[in-house]
Amino acid sequence: MTINWFKYASPASFYFLAGRMIPYFSIAAIIFLIVGLYIAFFSAPTDFQQGEAYRIIFIHVPAAWMSMFLYVVMAFWAGIGLAFNTRLSSMVASAIAPTGAMFTFLALWTGAWWGKPMWGTWWVWDARLTSELILFFLYIGFMSLQAAIDDPRRADKAGAIIALVGVVNIPIIYFSVQWWNTLHQGASVSLIQSPKMATAMLSGMLIMALAVWMYSIVMILIRARLIILERERHTAWVSELKEGVLE
Amino acid sequence: MKWESVSDFFAMGGYGLYVWGSYLVAVLCVIGEIIAIRIRRRTLYKHLGLRKRSILRGEK
Amino acid sequence: MLTARNLECIRGEHRLFSNLSFSVNPGELMFVGGPNGSGKTSLLRLLCGLSLPDDGEIYWNGTDIRKLGVDYRDVMTYLGHLGGIKDDLTAIENLRISCALAGCEIDEDQAADALGQIGLAGREMLPARVLSQGQRRRVALARLLVTRTKLWILDEPLTALDVAAVELIKGILEHNLAKGGMVIMTTHQELVMSTVTVHHLVLS
Amino acid sequence: MIWWIIKRDLLLAMRRRSDVLTTLFFFVIVVSLFPLGVGPEASILRIMASGVVWVAALLASMLSLGRMFSSDYADGTLEQMLLSPVSLSALVMGKAISHWLVTGVPLVLMAPVLGIQYDLPVEALIVLTLSLLLGTPVLSLIGAIGAALTLGLRGGGVLVSILVLPLYIPVLIFGTGAVEASTAGMGFGAHFSILGAFLLVSIVFSPWATAASLRISMG
């Protein structure tokens, strides 16, 4: 079985490597999730200001962190794919987008459901929520652009440009929104402003962040494997895989 | 244990709707993502002309 | 000299061609033939550097055209089957602008002169909208009279042209080849060129 | 060479005046619809004015983005631009400048008239016009990237708005912010400096990104 191995080495070997790694990351995600949720609901004390409602923090903040982190990672891989013409990195970038968009949505949703009891409205034009909303638009833009292009190579490169333009703009947007927010003196109550956050709260948040991180890796690996198969379906190694030669 | 009873736990000090509303949607998002991936995988396998799913797992 | 080595072009799920190698020397003409959809236009677009081959390299005088960049675009003229003619501009404006884009600015008189040579005397000031298909093509081809590039890559330059115009173009091509230029073109009409070396490349 | 492109695009715009006027009328109509929607109360309108005019300017500028490259793409001129010995970034800069001259400048000139509809004081009118003068070139420059990326795609028009509108947000914030600051009697110099900085940054990066996008879309 020596056909074309070198040419397709990188996506093919990633395919198998990812397949082997997925179980480990899944287990890690589940363990972190269990520990994190235990801390979130059983060991973290009641907040003296917000009562029990603050427990939304354990999903809201990790989701928000992850949504921003994933956009940067996505832009990074897309940029690498554009600069060095490595198909695998572009495929990973496309695999990241849906998970990133999902966490952005989740951060918005939980933000609204936290805002309602705290501020009395579902939505406030607070700097964080607004930036998160714009981040959601950026994810949607990236995904719709890639979906509209049939040629995968063009889709990769065009996506990379818009992701990079987005990543350059995120700090500018964030800064502008902050400025706009202070100008209008909207709801400036920060959700995480408790002066001394209990250790349990902080550790719960961090562990939940790890859980969310591991979950993202699992989803991204699974999706990247599907994208590899889609793109490489005419290659020798995929047909060998189909025939079961590569068992 | 900091909760007096199960109903106390679900009430979340009066904020049950908001707390559970948030976590429920988080669970739904995860389920939705998993379903989306499954659908994508199924169409891909159909496209590749495969009947047995396990073949493409690629694990030894 | 233009050299292509092991070119491969894949469009969607079709491999249009692979392992395609050839070279064109100064004074030589190459016809690219083949049925519709065989990749003639794709090949020409690779040769002029508009798109990248899936495999293989293209060299101009021994250097990869991707490395040459502007230096290659300086010596090469590409005329696609779309002529780049604007309906709302006159023949003269069209010619002057396309020449300026190609890096050789010409004044009104030179443009009128070139259009006269190609058989559009008296129609220079008409908007391209009212010109016929063949006349529009002549406007696009008039650039060949002014340009000083060596390598011409022409995609179906003879479509919609009448017999007289085909003879005219033949003369222009021969003139360029005699000066040591190179021409690569696709066509469905065979041109009989007796005095120059002619290659035929047929894509299947 | 940039001059050639600008001259040609202006010439084309002159021969097809209706396209320019359509954008301008769109702008006027959108701005005029708001009082009908929220009522004619001058105090409310005065607060809304800068935001309404700016959002309408964003939309008008965005709507005309489709035309930026599509006709050159359809008739083969774009191929010639990519193969030109002149740097593609310079050509793109020329296209963006002419887009601004054709769509941006009429909006800037029309803005004070629309501001009067909204009962803006004279100083606010001047600030609004100046902020548009600084901000609309940024819209053309950023929009060029979106227009280049969506070239020849189905649903390109809607797609370009999804890609480009989020990137317009900082310009919107500081453009309207300048007007509000002047109405509130505060200094608006900072807003203008920031708008100017956006303009400089987009002049440096956008032609380059647009040129790369065009090569990708044509490749």
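Read from first to last, the chains carry the letters A, B, C and D; within each, the first residue is number 1.
FYI, contacts are C-beta pairs under 8 Å (C-beta built on N, C-alpha and C of every residue); 3 or more make two chains touch, one makes a residue touch a chain.
Going by UniProt, the chains are A = Heme exporter protein C; D = Heme exporter protein B.
Small disclaimer: the values here were computed from a predicted structure and weren't measured.
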Count the smallest number of chain-to-chain hops linking subunit B with subunit D, moving only between touching chains. 2
Of the pairs A-B and A-D, which shows more C-beta pairs in contact? A-B
Most distant chain from subunit C, judged by the mean position of its C-alpha atoms: B
Distance between chain centroids, defined by C-alpha means - subunit A, subunit B (Å): 16
Just the number, please: Cα centre separation of subunit B and subunit C in whole Å. 58
For subunit A versus subunit C, what separation do you get between their C-alpha means, in angstrom? 49
Separation of mean Cα positions, subunit D and subunit A [Å, integer]: 32
Would you please write down the residue numbers of subunit D that are in contact with two or more other chains? 219
Per-residue multi-chain contacts in subunit B, two or more chains: none
Counting only residues that touch at least two other chains, what does the list for subunit A look like? none
Could you please specify the touching residues of subunit A with respect to subunit B in the complex? 15-16, 19-20, 41-43, 45-46, 51-53, 55-56, 59-60, 63, 98-99, 102, 105-106, 109-110, 113-114, 116-117, 215, 219, 222-223, 225-226, 229-230, 233, 238, 241-242, 244, 246-247
Touch list for subunit A against partner subunit D, complex: 134, 137-138, 140-141, 144-145, 148-149, 153-154, 157-158, 161-162, 164-166, 168-169, 172-173, 175-177, 179-180, 183
If we count contacts the way the header does, which residues on subunit B are in touch with subunit A in the complex? 1-3, 9, 12-15, 18-19, 21-23, 25-26, 29-30, 32-33, 36-37, 40-41, 44, 47-50, 55-60
Residues of subunit D touching subunit A in their complex? 145, 149-150, 153-156, 159, 162-163, 165-167, 169-170, 173-174, 177, 180, 198, 205, 209, 212-213, 216-217, 219
Quick one: in the complex, what on subunit C touches subunit D? 48-52, 70, 73-74, 76, 78, 80-89, 93, 97-98, 100-103, 105, 127
